[in-house]
């Protein structure tokens, strides 16, 4: 066991640094910069049962110290993932997290069943995507609907179930507790915050869907607060994310109680972000004589 | 971090920057980040304008926040540069014609220069359209056999899309749409270098997809150069 | 009537640019940079019935493209404001908006009564301050409590009543509607988003209260989305704010439906921010042949 | 926007920057913003280190994001500079003693130089404490009658706080606390130049308040210089 080894919902990760869903393809895209096998885990692009072409129009734009996206869960579908996607991910050597979105309860359950055929380590249930018209975030807005979908998926999946919460929920603590009670093995948060941008020259919203998801360093203080609140509210492990771009950012989340962190937007600004965070955490442990990074977990 | 060798205006709105130690082929691009801080956050996709002795130059128009900061950097400063990204222009064995609109001429120069060096006997024509004052035209004159310049209006309406010449166009979307239509009418081969808002540049985020006849393609990874016949403009 | 003249809850403003509460003192502090009389209005520092010394410890810190504050409503109290504060504000020549916070229903009502003696134009009811232990934001978290306090205050105040909403509300649309039904004459939003920052060296939260309020350009996409949502949901005028730092930012809010905007954090980064926004809006109207800025209001 | 005339290291961690066209008096400060973008967002409060011919110089330690960017600016670059802010040092008619800890020596130099110029016969003593290598000591030697340097430990323990000399201290909080205690014991007058996280610098945000015997005071507007006897350290 090294200083960074982390157990998440029964799965051993080399370190607590995970590539965030939707920002790292299926694990190979950043290979030109570093071996993805050094990562604790990789959460793949969000899948939906039958796949999707995603949204039309502009899909990403920059905001101050952040960005917005309206990808709309473009993905090749669960079947394709079972056959190919999961193998590509497995070949990286990092723990494989399958991120699953859906438009209806039935979609989620059906997809989870099919995914039992896939070679993955953790199923991350995305009930927080703000960029699809039906379902998506709607499931994560309040405890009751969240609980429903978690129970149903938990009943069919053979994998540890991590549920990804929306910062747009009415009461994220209530949702977290509901999800825990419904049998989730872990919680991850935050997905993107619902935002808007207007092109004042064209006098139109930038995005066809009008609203889109905000991520990146700009949202980190909000994400950290929510992660801290949820860590205090539940007993299951929490994976924190939202704006992490340096190892000190990661430390803040771990001190706030996160077992592991995910890194998304910052990978775009600098593809070396995650290897640097891992190095930074390793050095931090050595300099502070920590046998394992978990020693500072939740000290706040 | 890559060091800037030179960065200067070629017109009030357009600059030429050379960065040390970068390589790539014509049609590829880099994501350039002119700051060490978190705003602006994302790299700016900028095509390779030329590549000599392991240094790349970039021709860019000051469009907004990022390119404006870029224009203030000076020789000796460092810049984050990730790449080379994208497929680049497909080499062909025929005469070629470059159709550039405004700053869209940037990647075409590199193609012209390298093709001329490799195949001195092939004919290279350049049709360059500008809204106002032309820039960099002398560069094209030095490597192309024929340079046609138009100020105002649509450069595409002046291009004879014959069959035996392969066309490469880069410029504003309306220009590229027009080029595609003309080329299709005349049965002429046309490659387009597309633009899209990008976040990652490596094919990971799906932020830059464009619809094609064979489904969504990522401009950053599967492109930016596509056969016009494949592209479905929205 | 000039191109920028704006009517807000029956009050004529020279232009739609208002200094945000808590960021502009009582109106005189930025006089070294520009005449505050050029502003459409000034919202003074949030008052509480008996005044307060505010919070201890670090009160402000920077975040990526934003900042956090935990001032805790330090203020000289309503009585002092009636005697002196409002006169200072009046002397600026800008419309005078009195921002009122409170720890209990009784506080709010008592203070509103006392304020009837003051020379102000609009009462801005702050039910969204995240930095005080009792009351504050609690009133703005859901429609029922918000409605209560608005009704009570509306019953006693002689001024147009603008209610300032919290982005941390469970459902900001529900709160906005409740506030409208309760008799509010206008709505302003957003107050700061609840955030957190940890000093990893000291292994402590930066702020004594652990959480604090996030503001500045970083939050603008979120603020704009909420303003758009609220504008679509209510008929009373909406004043938008959150991260505005340029005239194009202000235009985005106006296109999203805001009658006027407030500018807070950006004044700190550059004290000329508001005069530049006013100039920019004026020029925009001329260049786009608008008789009045309201012509583009809510076009999205 | 103000132009930088000069900016260079006086030690690996400390730089001296001169900005054109700024004025102010000893003990006042400016809010300096080294970027044109939104990150870092807030100005950094930096004391005037000297002011000659309408140009101000600033002595600053590279502490984080903002000062690090500042250190990369060069002559000819522009910088946003808002000020002068704050009350400045109270002039007195007695001999004076400066007590500086680390970068806290920055504002004291300006006080020493101007006081010496005005009152050549008054005695100026400087007690300068450093954690490691001292810097700028020669500057103080040029204007003070007596300069005492300590490396490591508490400079305050070496200061004789007699009654007839007015003391001015600037440095880390523990040092200023110790100075206050010593001065109170000996009945000696002491001014402290306080630090606080600031947002506005003009007294508008109440972000920088410190508790004093007469209630909260704003470090940016009512200070940064306070009589030690007024300050209540938390």
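Letters A, B, C and D mark the chains in the order given here, with residues in each chain numbered from 1 onward.
Simple rule for what comes next: a residue touches a chain if its C-beta (ideal position, glycine included) is under 8 Å from a C-beta of that chain, and two chains touch if they have at least 3 such contacts.
Please read these numbers as outputs of a predicted model, since none were measured by experiment.
Interface comparison, A-B versus B-C: the higher number of contacting C-beta pairs is recorded for A-B. Each chain gets one centre point, the mean of its Cα atoms, and the points for subunit C and subunit D are 35 Å apart. One inter-chain figure worth recording: subunit B and subunit C are separated by 46 Å, centre to centre, where each centre is the mean of the chain's CA atoms.
Note on chain placement: the centre of subunit A and the centre of subunit C lie 34 Å apart, centres being C-alpha means. Counting partner chains per residue, subunit B has residues 38-40 touching two or more of them.
Within subunit C, contacts with two or more other chains are made by residues 64-66, 216-218. If each chain is drawn as a node and touching chains are joined, the picture has every node linked to every other.
Subunit B meets subunit C in the complex at residues 38-39.
Residues 64-65, 217 of subunit A touch subunit D in their complex. Touching subunit C in their complex are the following residues of subunit A: 63-66, 68, 170-171, 193-198, 200, 203-205, 210-211, 214, 216-222, 224-225, 228, 243, 248, 251-252, 255-256, 296, 299-300. Chain contact summary for the complex, subunit D toward subunit C: residues 33, 38-43, 80, 82, 197-209, 211, 215-216, 221, 234. Within the complex, the subunit A residues that touch subunit B are 22-25, 29-30, 32, 45, 53-54, 56-62, 64-67, 69, 71, 74, 216-218, 245, 265, 267-271.
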